[in-house]
Every structure is written in C-alpha cells, then in structure tokens.
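Presented sequentially are two complexes of chain A, the first with chain B as partner and the second with chain C.
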Partner chain A sequence: MLRDALLVAGKDLRIELRSRVAIGQVVPFALVVLLLFGLALGPSVGRGSVLYSAAAGLFWIAVLLATVLGVQRSFSIEAVDGASDGLRLSGLDPAGIFLGKAAAIGCELLVLELILALASALLYDRPLTGAVLLLATCAVATVGLVAIGTLYGAVSLGARQRETLLPLLFFPMVAPLLLAATKSWEEAYGTSGHQGTGWLDVLAVFAVAYLAIGTVAFGPLLEDA
Partner chain B sequence: MSLTTTTLDEQLDDDAPITVAVETGAFRRSTNPRRSKTRGEQIIAIVGALGLIGMVFTVWLGLWITPPDEFMGNLVRLLYVHPAIAWVMYLAYGGAFLSSLAYLWRRTRSPKWDRLAGSFAEVGVVFTGLTLVTGSIWGRPTWGAWWTWDPLLTTTALLFVLYLGYLAVRRIPGDPEVCARRSAIAALVAFVDVPICYFSVLWWRSLHQAPTVDDPINGKTYIHGSMAWTLLLSFVALTLVFSWLVAQRYRLYNLAALEEEQGLSYALDERRSEGAESTVGGNVMSGTSS
Partner chain C sequence: MIPVISLRDVVALSGRFPLLAGVTLDVQQCEIVHLRGANGAGKSSLLRMLSGLVPITAGSAMVLGHDLVVDRISVRRELALLGHASFLYDDLTVEDNVRFALRASRAEGARASRAEGARASRAEGARASRAEGAAGSLTGADGAQQALARLGLAGRLRTTRVSRLSAGQRRRAAIAVVVARRPRLWLLDEPHAGLDASGRLLVDELVLEARDAGATIVFASHELDNAERLADRTVEVSGGRVVEVANEAPGATPLVDGVVGEPAHEEDIGVDVA
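Now for the complex of A and B:
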C-alpha cells in the first residue's frame, strides 16, 4: 500500500514539475487573494488594525481556496486521456492511490503555505512568532485538508459539474478545520491569551478521521468514476 | 434503407410486445389515482390524515388555547413547533445515515435503501431550513439577534449546506448503481462531520467569550398543563407529517425508477420489432434472421 502510494505521489509530483500548474497558477492565485483581503480590510497595518488581528484567519481562508484548486487540478489530470481507467487497471491498491494523491497535493500545499505565510507576514505586518506551533498546525491541518479534498475529488470525479460541486461539498466539511487551524495560529501568535496545543488535537482528530474514511471509501469510489 | 413505421396500436396486436403492453399497463395503473389502494398506501394515507389533524390541533392549541408565557409572552407559542421541527430534522439525518449504511452493507444492498436515504435527506434539508427560520424568528425578540454563533446554531447551518451538497451529489447523472454508492459514501462522510463541527464550535465559543445567551430551555422548565400537551402533540404531529413526506418522496423515487426502466425496455422492444419487420418486408438487414 505504501509503495503504491509513493508511486502515485511520485507520478503526480512529476506531472506538477513538468506542467508547473500549482506553482504557476495556484500560488499566484492565493497571493492575489491575500492582496484582495488587504484591499478589502486595509490599508492600515500593524498592531490593532483589522488585518493584523485577522491575519491567521485570512491566511487559512486563502489556503482553503487554493486547496480546492489543487484538488481540482489533481483530478483533472485523471479525467483526461482515460487516465482513471489506467489507474484502475494498474492493479494498485485503491488505498495506496488515495494516500498517494493526497500526499502529492499535501506536498504542493505545504510549499504554498510556506510562501503564503511569508507573504501574509509581509503584507499584514504580522511577524511569525511561535514558529514551531505554526509549522505543526500547518502540517496537521494539511493532512486533514488533503484527506477530505481527495475523497471529495473522487466523489465528484465523474460529474460534469465538477468545478461547482467540489467547493460546495468541500467548504462545509472543512469548517471545523478552518476554525481549529485559525485558533491554533492565534495561539502561536500569542493573541488568544491561551497557551497550549489544544486546537492541534481537534486538527489531529479531523485528520485521522478523514484519512481513515478516505482509505476505506476510495476503492468503491474509484471503481465508479 | 426503408424503415416501416408502426403505430403503437399495431404493435400491441403483435405477439412479441405484449409483455411491454402489460408492463406499461401496470405502470399506468400504479399512477392512476382512482384505482384501489394497496395496504401500504392505505397506511400512508392514514398517517398523512393523522398528521394533518395533529397539525390542526397543534396550531389551534398553540395559538388560541394555551396561555401566554409568564416571561416570554406570546413568543412561547413558537416553542410549540420549533423543538419538534428540530427533532424531525435529526430523525431525518439519522434515517439517511442508517439507510446509506444499509446500502453500503453488501448483504442488504438494494436500490430501495438508496432511495430511502435520498427521501430522508431531502425532507431533512427542508426541516433544517425550517429549524433555522423558526429559530431566528424566536431569537430576534428573545436574544436581540437573528443569529448567534452558538454551537447548535452553527452546526445546524453547516448541516444545511452539507446536505444540500449531498443532494447535489445525488443529482450527478450516471449509472444508478454508481450514483447510489457515491451518494451513500457522501452521506456517511457528512454524518461523521456533524459531531466534529459541534464540538469544535463549542470549544471555539468557550475559549472566546462567556455565553451571552441564556439557556433557551429555561422557559420550558415551568411548562405544565395545556402547554406540555401542546408541545407533546406537536412532536407527534410533526413526526407523522415527516413520515408521510418521506413515504411520498420514496414513492416518487420508485415511480421515477420504474419509468426509467420500463421506458427503456419499451423503446428497445419497439426498435426490435421495427428491425424484425424490415427484415421480413424488404430484406434490408441481411445479418439478422428471425
């Protein structure tokens, strides 16, 4: 299963390296979103401003929007040229395919989060304090995000209205994740007045639950698509 | 290539399509409102009638007979329906979850579970909307706001969009079995999300601010006499109405499936008889022999 996952993740990342869609389109898109937040809520920056206090939430909203694009990209490469048939015929473990695709999106997402975090620190004048908790939050939240994203990507794979269906399914699902990730970042910033890793637990529960569901449910879903 | 066009009546005279004629006849009969009802349909009709009577009595008791509340005044009248609507909502989602589970379980796999899950979810979404609307109407004069970020409220709102998504998944066109399995998985995933939502919002609020809203149940601790009976009646009446709605939606799913099945088999037989006639008549199709 793990070997299959590595194979699929390698394939997806190789496609990304050659086509550069995530780095060339998704990352700039997320940066535009950060800029738009600035236009909507700025222009004042620094302590006490709206942008300063909302920085964590805005960062995670931008990440969520970018995740939808990442997932759509990941499944649009399977939708053309009968690629999904090939995947099904390859004899790879469906759970491995699920984990592989999720891992590939996760890698892309982590790079994106790194860039976005630096950009938001610059644009909103919000220094990245508590780096360990910030990074841990990113890592755990990304697992949950890509697990549910990949699962719903497969659900909407066969649908012709994939572009509109995926966000409708995905966003309500990740509402608790957005909440937990934002609060965890605010803990790291030290503004919530609450120290500890409590929200990391919520994120971890979410990640484990959806990884488990995805691993089990991906097989039957892939048969269909 | 000359194709003989046959009218429906001509075909009905033939030997081959007689089964089709019988099947479509059965289909017509099942949609005919004047035919005698089966036992199940009688029960559903009785449930519907009882639900209607129950609702009439709930409205009558709630609006005219019961006294206004000591603290909430006439606002209390909304509380006769709101909890019952919310109860029906949970009933519906529980039903959708169990039906989806029954569909995914190999031993009990049958299209009827899928249709039942769809019926439950669709009625559930309607009642979620009603829960939100009645709750808001009650909240505005009581709490001074249409909306608060209470865990229950927030989770209900998320439930509403989650199951709208589920209904969208159900509408994806495709092979019925594929659609059913996909929908069942979507229903399970949505259901799992509900407790996570609830607890994360609960935690979010408790970390942020002390609850600004008093426990809305407080008003009910005084409840007795006609008020208690009205509340109880509304639960029974709305559960009956809910069962009736689900049964009707389920019947509609079955009819739609029947129409799809028989519509296709009817068309296939029509094509086959056309082919058979053209071979006999003009010997056009050389490959087929009857």
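Now for the complex of A and C:
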C-alpha cells in the first residue's frame, strides 16, 4: 500500500511540477483572498484591529478555499482522456491511491500554508508567535483537510457538476477542522484565553478518523465514479 | 483445459440501461478473438466488463481464474485494456506514462508471475516456454524503453508531453503501455483506429507476438478484412449479446447464446432494473 502511495504521490507531484498549476494559480488565488480580507476589514492593522484579532480565522479560510482548488486539480487530471479508468486498471491498491493523492495535495498545501502564513503576518501586522504550535497545527490540520478533500474528490470525480459539487460536500465537513485549527492558532498567538494543545488534539482525532475512513472508502467510491 | 474467459448469461447495466444482455462466451488461452458488431452493439461494454471496469448484474464471469462477480479488481493486474480513451496523463511525458503504468502493474508483479508460471507449466508445455522467454525479454528495468522503441516512440517523442502528441502518436503511446505491461489478456478496442499503415501493421505484429508468447487477445474492430485475417475466431455481438460465432477454433467450447439479432430491452434480460 505504501509503495503504491509513493508511486501515486510521485506521479501527481511530477504532474504539478510540469504544469505548475498550484504555484501559478492556487497560490496567487489564496494571496488575493488574504488581500481582499484585508481590504474588507482594514485598513487599520496591528494590535487592537479587526484584522489582528481575526488573522488566524482569515488564514484558515484562505487555506480551505485553496484546498478545494488543489483537490479539484488533483482529480481533474484523472478526468481527462480516461485517466481514472487507467488508474483503476493499473492494479494499484485503492488505499494506496488515496494515500498517494492525499500526500501529493498535502505537500502542495504545506508549501501554500507557509507562504500564506508569512503573507498574513505582513498584511495584517500579526507576528507569528508560538511557532511550534502553529507548525504542528498546520501539519495536523493539513492531514485532515487532504483526507476529507481526497475522499470527496473521489465522490465528485464521476459527477458532471463536480466543480460545484466538491465545495458543497467539502465545506460542511471541514467546518469542525476550521474551528479547531483557528482556535489552535489563537492558542499559539496567546489570544484564546487559555494555553495548551487541546484544539490540536481535536484536530488529530479528525485527521486520524478521516484518514481511516478514506483508506477504507476510497476504493468503492473510485469504482462508482 | 480451463478457458481464460468463461462467461455465462452475463448481464451488465448502466443505471437502467442494459449494456450487456446475457452474454455467453468462452475464450481459450492463446486465442485471438475478434468482436464484430454495429455501433452500440456492446463490444466496448463487453471489453470493459472483461477488464473488471463494468460491474456484473447477473450471470457468471470467470476471467484468468478470477470470479468477476465476487472480485473484479484483482484481475486487472493481469490484463490490459486499450480503450477509445488513451488512459494517459496529458502533463506527463510518454516515457513517464509508460513507466508509471509499468511500476503500478508490478506492485503485485511477483505474485502474478508465480501464478502465471504455475499455470503455464501445467497447461502449455512448449508454448509456455516461449511465453517465459518472451516475458523475460521485457521484464528487465528497460521494459518501458523496449516498448517505446517498438512503438517508434524512443527518440524525441519519448520525452514529449502527451498533450503535444498527434492522435496517432497518442494511440501508439497507449499501445506502448499495453506492451510494456505484458498482460496475460489483451483487450483491445479498435486497436487500429487513428494509426497510419505502418502502425496498423505493427499492431498486427504485436498481437501475433503476444499470442505466441502465451497471451490471449480479444479485440473489437470494424476493419473486417484485416481483423478476420488476424483473428482465430470472430464473434458477432448485437444488442448486448453474442449472437454468432465464426471460425470456431478446434477444441474450443461451443459458444452458443441462442438469441439472435434484436437490440436488448430491459424486459428481455431477466433482471429487475427498477
């Protein structure tokens, strides 16, 4: 399974390196979203401003929007010229395909989060304090996001209206992740009122649960697509 | 001898629409079988069902020893389907695509090889030896390179993205994937389509070589003269059923369906599609 996952992740990342959709379109899109939040809630920045207080939530909303694009891209390459049939015929373990696609999206998402975190710190004048918890939150939340995204990407793969179906399925399911990731970042910022890693634990439970569900359910979903 | 393909009254549906309406067919190892029929007769659906892509609603289907009613995934490691679509990734080079397919099919390659070796030694002495020899020639690390060279894609085209290929070159790349995987069962849907004269001849050569190496080939084609020259047997498909068999191979199980000609309707196929 892990061998298959590495093979699929390598294939998807190679396609990204060749096509540069994530770097050329998804990252600029997410940066524009952060900028628009700044225009809508600004112009004042720094301690006491709306942007300063809401920086964590705005960051994670931008990440969620970018995740949808990343997942759509990951499955759109399988929708061209029967590639998804080729993937099914390849003999790869469906659980390996799930983990591989999730890993590839996750790698792209982690790079995006790094860029967005730096951009939000600059745009909203919000220093990135509590770096260890920030990074841990990004890592764990990314696992959950890509697990859910990959699972619903397979659901929407065979649908004619997959571009609109995926966000419809994805956003309600990741609402708890958005809440937990935002709260965890606020804990790292020291603005939540209490210290600790409680929300990180919640994120970890979601991530593990969705990884397990995806590993089991991805095969039947791919067959039905 | 146990047939490579044994279908009995197979029904397959797409929603409420019958794709296959009771197909009965046996194919022996090393046979080349041509599926003939009008557009929409069910040839492509039959090939996709044999590859495990289309679920079976009723009947029984054994392919390469796998019961497709119970498990239609395991068989995919041992066969290759050349469909109307290329199954290739546009943003990868031709070589990347072939290597990916080759590595993917080898995930369980060792197990499949052992099973193949055991079956071959029981069933087909001399022919199996040739199969082993031919198999060995493409099991090395350069299996992809050899397949690409054979299809005329070894030069600059090897590192060209699939999206930049012509239709014919894309078809050759798709065939290269089939050749590189060295399946036991070749399922080819219009394999000559989009190819120039040399490409068509090459496909015929590859099919005959695969047969000599112990593989079984089932292909659909509208090029009747060429196809019937290539095939050991021609099977007529109509209305989702096998309605006629020509040039039956000696020793093969008689292929009878008994229902001739009319397109399938839901009420004809004996399953509740409501």
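Basically, the second predicted complex is superposed on the first by the 225 of 225 C-alpha atoms of A that agree within 3 Å, B and C clash if a C-alpha of one lies under 4 Å from a C-alpha of the other, contacts with A are read in each partner's own complex, and residues count from 1 in each chain.
Note that contacts are C-beta pairs under 8 Å (C-beta built on N, C-alpha and C of every residue); 3 or more make two chains touch, one makes a residue touch a chain.
For clarity, every value in this text was computed on a predicted model and none was experimentally measured.
In the superposition on chain A, A:E163 contacts neither chain B nor chain C.
In the superposed model, A:A83 makes contact with chain C only, not with chain B. Shared-chain residue A:V155: touches chain B; no touch with chain C.
Contact comparison for chain A: of chain B and chain C, B touches the greater number of residues. Touch criterion met: A:L92 reaches chain C, while chain B stays clear of it. When the shared chain is aligned, chain C comes close enough to touch A:R3, but chain B does not. Residue contacts after overlaying the shared chain place A:I213 against chain B, while chain C stays out of touching range. Residue overlap on chain A between its contacts with chain B in one complex and with chain C in the other: absent.
Across the complex, chain A is touched by residues 51-53, 55, 73, 76-77, 79-81, 83-92, 96, 100-101, 103-105, 107-108, 161, 177 of chain C. Within the complex formed with chain B, the chain A residues making contact are 148, 151-152, 155-156, 158-161, 165, 168-169, 171-173, 175-176, 179-180, 183, 192, 194, 198-199, 202, 205-206, 209-210, 213, 217, 220-221, 224. Touching chain C in their complex are the following residues of chain A: 3-4, 7, 11, 14-15, 18-19, 77, 80-83, 85-86, 88-94, 96, 219, 223.
Here chain B touches chain A in the complex through residues 104, 158, 161-162, 164-165, 168-169, 172-175, 178, 181-182, 185-186, 188-190, 192-193, 196-197, 199-201, 203-204, 207, going by the rule given at the top.
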